[in-house]
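All chains are identified by letter, namely A, B and C, in their written order; residue positions are counted from 1 within each chain.
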Amino acid sequence: MTQLIFLVIKGCIVFFFCVGLAAMLIWGERKFAGFMQSRLGPNYAGPGGVLQTFGDLAKLLRKEDITPDWVDKPVYKMAPYLLWIPAALSMSVIPFGPLDAQILSWRTDLVIANFDAGVVLFLAMGSMAIYGIVLAGWSSNSRWSLLGAIRSGAQMISYELPMGFAIVGVMILAGSMNLVEIVDKQAGNFWNWFWLPQLVGFVIFFIASIAELNRTPFDLPEAEQELVAGFMTEYSGMRWGIFMFSEYVNMIVMSAIMATFFFGGWRAPFEAWNVVPGFVWLILKIMFCIFLYMWIRWTIPRYRYNQLMDLGWKVLMPLALVNLAVTALVVVI
Amino acid sequence: MGLKDAIKKVTFFEILQGMTVTGKYAATKKVTIQYPKEKGEPFPRFRGLHALISNPETGELNCDACHLCETVCPSGCITIDSSEGPDGNKQLDRFDLDLARCIFCGFCEEVCPRAAIVLTPVYELATFDKNDFYLTKEKLLANQVNAHKELKKR
Amino acid sequence: MSAPSQDQAPPAATTLRPTLEELRERKARSRQPVHGDREVLTVSMGPHHPSMHGVFRAEVDFDGEVIVATRPEIGNLHRGVEKLAESLTYHQVIPLTDRLHYVASFAQNHGYCEAVEKLIGMEAPPRARFIRTMAHEMTRISNHLLWLGIHIMDFGAITFQQICFREREYMMDMFEMLCGARLTHSYCRIGGVAKDLPDGFAERMYGALDFLPTRISEYERLIDKNRIFLGRAKDVGIFTSEDCAAWRVTGPALRAAGVARDLRKDEPYAAYPEIDFESAVEYEADVYARYRVRMREMRESVKIIRQCLENMPEGPVLAKDAAHVIPEKKDVMRSSAAMIQDFMQVFQGPQVPAGEVYRAVETPHGELGFHVVSDGSPKPQRLHIATPCFFHCQATTPMWEGEMLADVVGIFGSVDVCLGSCDR
């Protein structure tokens, strides 16, 4: 019974953490973008502008909810949520600390679900985001939305495969699909983490994750709007706000996954520093990954569509396969 | 492709190089001037709001109502009415300047032989009432406090 | 601030110049085959353009990702400049010419004044010629910085626009110091320039000139070898010299195709004969070549401005020509002859002889030509402005055909069009 209560509490904490961090990230991205462009970001709403997101939220909530006549209403309304809720669900398998940890006087696992096929859950849920985009564009019943949605869908599907193969390399090294065990196998100092033996895999995963998140340099659905706004065209007000918000939630989830697979999850960089609780390290690693995503977004231009597909299929896929083969060989031998 | 180029390609060298540039901008001083708390100071020659200059002691306008500024204005925004004054010289009855038509080219200031009309560094001209854009002699005279002192010499 | 010699541009490619046949081949290879009989999707890349080139409208037919046909439509920014000029005296037309290509206003003032002076048969004094050259090169830097920011932003690196505009502030501050306005300068006059250099201008300018090459090098470090940029710019949008000649494309786009046509060297005006500079020529004729041409032009402009400041002769800034020149204010206030000249120039206008003249200058966009027809009156009978952007907009038809949708904006941006200049 107490475990059930703990489950609910853990779920709430993780959910609110995700949502709250996404709201702060919107402000953070704008501030960081400003800094890199030699200007101050938002600094008016609240100290340092931290309340900017809430100001935007209030504005969007007060907007009129325009649902165009010609859209497929149930799908149109459901699509924004499909984009991030399944992805956020994969936060349930990420360990925030060791199993059977002691918090004050209670013992609990610092993970919502100690699931044996955690990797599979993450991959499956990540693929649901594709549904969100394609359905959003399709239900909008407009040629630009459909065009943007299909291109984005094709991009995300193409990059799912190298991502998956990069993860398989990690799975081979860890010998398990359970994220808790993957983190346990990275015990030690930061050179024991999987980013070092799987360097190629890490780079492939990083690039593929940027494509999954629809961020520059792969942000064709979002910003190659020489014509119109892609799959988001017919969305306005809070529905559009959900799309924006979902990008940041996806970013948090992807960073958490990357931290778990390649940076040792909740483990400290040095053995002696494990006195600091695990979730602090995890959060620091998530912030670091997000920082990298943002830095890259604001520096480099974006790929053209055919170059993007070339990169996914002709470069990353073979590299991922080679990485997998080499890892398997090394482990066997 | 030589070995150096191959290594650069694999390690994303030029992308990392680019990232150091933006990283440097992130860490150095920002160029933002936080208007309206901080304001940039225009240079003396800045072509802003007009001002009619009068003699500080006598209060007499520098303007001789020669109609040069009215004629040279490319957009025709100045309207001058002049008549013969008591001492036989021309005096200025009306000087209206339609700020909404003005293109701030500075020709009126340039051709004036008496330095009677100058352009001041005042640039905050936004208003909620369009009638504020129709400037009369009084409003223009009031603005002469902002004129750069060298331009006021007769 | 490091010394300028440490921030030299990489040397221009002098090896492996492609011939015209090679360029034609590369163009054919980089473009997609166009099947004339397939169903096309017509898109209006409407006046509200996300890529900020002004209100340009192009109806584009797509076959999938490939452009089949283009119908450009201009005129959304037409303000009747040429017609307005017929009701204004030659002096009053100068602010109108500012607003053609509003980013590089002085270049247009300069072109107009050169044309009218050629009609009159008068020359500006030496100091005025040097100041004109310096101001023209300042607009070149300003325009190319804006172009760079917007062009790379079209490719996705949004940071570029912000930082290039930050650099542009230096040039705008210099113009504000010089003539009082940051954007619409109206600084050139018939017979010279409006005002002399203010105190402290040279020091401030030298400071900016020391600083700019370091920043240009930083931009090159950010984007020059970036694989994504190279992938989208090399062998994309090849517009060979024969295409340029057929569609009257001039300026950096022509020089990127290997043709060394630069009016500053071919038909020199102002102080250019006395200045030592290089005209940037590249041979690849693609988007990357146009980018390199403009980066090199920026560095050359810095050199030119420095030489102008160092060799600036003393003297008046307006010619002593009572029939055509509005005199300087300090003369008007002191001498009655100058005051009479002032009155005559304003009330009667300049005594321009009857005749017609065509004079072109090398603005940052290309060749800007003024065709002035005079019937002896103080107002031009007909002023026709042959702006480079008008022809560049027309040239989108051959430039975009066969290219992919994603390259449309890149190619359009690389030719640097400003609709104010196109529509007049």
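One rule holds for everything that comes next: contacts are C-beta pairs under 8 Å (C-beta built on N, C-alpha and C of every residue); 3 or more make two chains touch, one makes a residue touch a chain.
Because the structure is predicted, anything quoted here is derived from the model rather than measured.
By number of C-beta pairs in contact, A-C leads when A-C and A-B are compared.
Core chain by CA centroid proximity to the global CA centroid: C.
Among the other chains, the CA centroid farthest from that of chain B is the one of A. Averaging C-alpha coordinates per chain places the centre of chain B 25 Å away from that of chain C. As a whole-number value, the distance joining the C-alpha centres of chain A and chain C reads 45 Å. Annotation: 51 Å between the Cα-based centres of chain A and chain B.
Counting partners per residue, chain C has 159, 163, 166, 222-223, 226 as the residues that reach two or more other chains.
With touch defined as above, residues shared between interfaces to two or more other chains in chain A number as follows: 36-39, 298-300. Across the assembly, chain B contributes residues 15, 18, 21-22, 25, 31 that each touch 2 or more other chains.
Residues of chain C that touch chain A in their complex: 41, 43, 45, 50-51, 65, 152, 154-159, 162-163, 166, 222-223, 226, 228-229, 231-232, 404-409. Per the touch definition, chain B reaches chain C in the complex via residues 9, 14-15, 17-18, 21-22, 25, 31, 42-47, 66, 68, 71-74, 103-107, 110-115, 119, 154.
Chain A meets chain B in the complex at residues 32, 34-40, 43, 295-296, 298-300. Considering their complex, residues 88, 91-96, 98, 159, 163, 166, 169, 173, 176-181, 184, 186, 194-195, 198, 218, 221-227, 326, 329, 332-333, 339, 342-343, 345-347 of chain C touch chain B. Partner chain C is touched in their complex by these residues of chain A: 33, 36-39, 143, 216-217, 219-220, 223-227, 298-307.
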